[in-house]
């Protein structure tokens, strides 16, 4: 196993009553695998992802349990040690491509940033690798976009920039935290294709987080369903989708067609 | 805000004290502000003269009271001029928009880019010093900043649903401006008023200190400080008390403004 | 950038022309014919005629404006009524003194507020945050409540009369740069302190605002430490509103310098402006006004350019 998560819990202690956002989450991810986490908003799925990435290390939040990544206990690393993994072995892309990029920094610099932090390379080498990652992320005309600013790009293009920046060091695991939720349906499908392609070509494992069971089914081999911080169901994606054991999962599935009608088209298939 | 606003409380108390102090000065002073008393020359603070006496033996408390009253009156008058005209211009520009709005706002931007004290000095250089000229000059120069503030607020509200529906119901423009939109802008205007008041006090005091504000015969804290500076080493209290009054007056109102912004979530 | 630059440049020139027209109307038209007040009532007809010819008073107004403007641009600011000398010669050293004072104040504001703003933007949990919030706001309110000249008097009293750190006597540049600056620090401080407090408050709010943005989370996810995220991402973005504020403050800094000159007895533009207003020496007042206005307008222009460079989101038209 590449990543073994056992009993991961995230508790906010700054409330009047401690609030458990993630409750004993366990999951295995193998190399090159795409695993989905599904749940409605507030189910703790994004919090799980951020805890794994070490993005919620604050005094008022306690993160417990175990997350063994290639034999390294991620949760007990110091901040400085953790930074060695962030952006190199583990990467994340977020839900909001509009705001997740620095508005005053050129795209190229943002894609290169992880290289700048983790490796000693000449500017020319850096740029070559950045352009390579941008092409991998499906950005047309990487040379042109390299010099542009985020506000000059569409939402889908920005999400591709985020993907390129996350992939520039070819991490072993990419965490995709609702990467398509904020995008148009057609763009959503294209981004999913790109992620699948990356997984196939580079062997990058993907932890895909979504509230949309249909999207997860189309992309992932395995899926876990979360509700109020707990895993309520897990198994092969097809299995869970076809024979849901829990009412909650059935509800998630049932809410799909109405959404499809609302948006005027589906993305799976 | 679930917390009580300390800025508002402290600022309110301070301002109330200062207003009581200055208002008292308009009606009553322990001594005549101009009465000289040779034996009391340069006397330090004492029970008879809590703020001490100046080089001519005049009671500094009385003179400070009188000066503060005058400064307060001038500041309020300046505020009234700037606010009333700024409100009218800003409301009309913001509500109707168009070419006139663009032109007026460019002019306002140009004027507001310069420090009002300097501009007022220049105006006074042409029309001469004196209490009413100070009020006129500073007041007129305060119009642009208020106009811009009011206009911004009106721009925010003029296309809101409640304004549209009022218009559909045939409510007159004037009524929409003053009855429907204006009440919504009070938090911002209140914050602007506190800033304007402080700038007016600062402006009058600075100009009078420079000797180009009120006439030397008219009472003013700024002019007192100008005189007092010559005796800074021998009678520091002559400087300290009028200075403290100016500072506390501004501080109180400034804290109220801070409290208003904090409570209403208005950007400063 | 070229087109935007041209547009801003046109606006700059237009504003300066407007300033010149206003200054001309205010000091060359409204005060009326200065002949009698300058020469006195006993002047002979020849003297009057000579004066009127020299000042160009017989020409129509627009010709007088044009003659005044072209002369002004060439550096001929006219003749002082009070002192029988060219305004330019009268103002040369004084302008330099005021510019040093204003520049020193500006440098102090930046030197004081940037480190303090960064320091104040450190986050250390709820209680410390609240305390810092209070401290910064209250300090700002207090320093804003002290008029520049009162602060100047206070500094003078403390550092010159009590501590004897400097003599309350102006030290001109001819006595050496270091002694000159050593003296100028105190008046510059009187101008700078209130603005510094405001800048600290603004910078702190701006940094905290940027730190809460999504792109900072992205930066951390790439392996940035807090320090490198601050350097690489936050500072530049947080500085954008601060630069605008500082540019707007230049007018106030000039005004503050002019007032504070009175406190410290500095023979700068403020001094000559005040005495010339008293003497109704309008050519001098006029020249000072146009000079100060030009500095303010010019600095705003530069700040606007800088702003455009710093924030690529601004439409480049």
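Note that the chains take the letters A, B and C in the order they are written out, and that residue 1 is the start of every chain.
The criterion applied here is as follows: a contact is a pair of C-beta atoms (placed from the backbone, for glycine too) under 8 Å apart; a residue touches a chain by one contact, two chains touch by 3 or more.
Since the structure is predicted, the reported quantities are computational estimates derived from the model, not experimental observations.
K.L.:
Work out the mean Cα position per chain and let me know which chain is farthest from chain A.
P.N.:
So the chain farthest away from chain A turns out to be B.
K.L.:
Using only alpha carbons, which chain's centroid is the nearest to the whole structure's centroid?
P.N.:
Looking at where each chain's C-alpha mean falls, the closest to the middle is C.
K.L.:
Could you work out how far the Cα centre of chain A sits from that of chain C, in whole Å?
P.N.:
Inter-chain centre distance comes to 51 Å.
K.L.:
Quick one: report the Å distance separating chain A from chain B, using the average Cα coordinate of each chain.
P.N.:
56
K.L.:
Can you compute the centre-to-centre distance for chain B and chain C, using the mean CA position of each chain? Integer Å is fine.
P.N.:
22
K.L.:
Give every residue of chain A touching chain C within the complex, in rising order.
P.N.:
14, 53, 55, 59-60, 79-80, 83-88, 91-92, 94, 96, 99-105, 113-114, 117-118, 149, 151, 162, 165-166
K.L.:
Given the complex with chain C, which residues does chain B contribute to the contact?
P.N.:
7, 110, 113-115, 117-118, 121-122, 124-126, 198, 202, 205-206, 209-212, 225, 229, 232-233, 236, 239, 243, 246-248, 250-251, 254-255, 258
K.L.:
Which bits of chain C are touching chain A when the two form their complex?
P.N.:
Of all residues in chain C, those touching chain A are 125-126, 213-215, 217-225, 228, 232-233, 236-237, 240, 310-313.
K.L.:
Using the touch definition up top, name the residues of chain C that touch chain B in the complex.
P.N.:
Touch residues, chain C against chain B: 15, 18, 26-27, 30-31, 137, 141-142, 144-150, 153-154, 156-157, 161, 248, 251-252, 254-255, 258-259, 262-263, 273-274, 277-278, 280, 282, 285, 289, 292-293, 296-297, 300.
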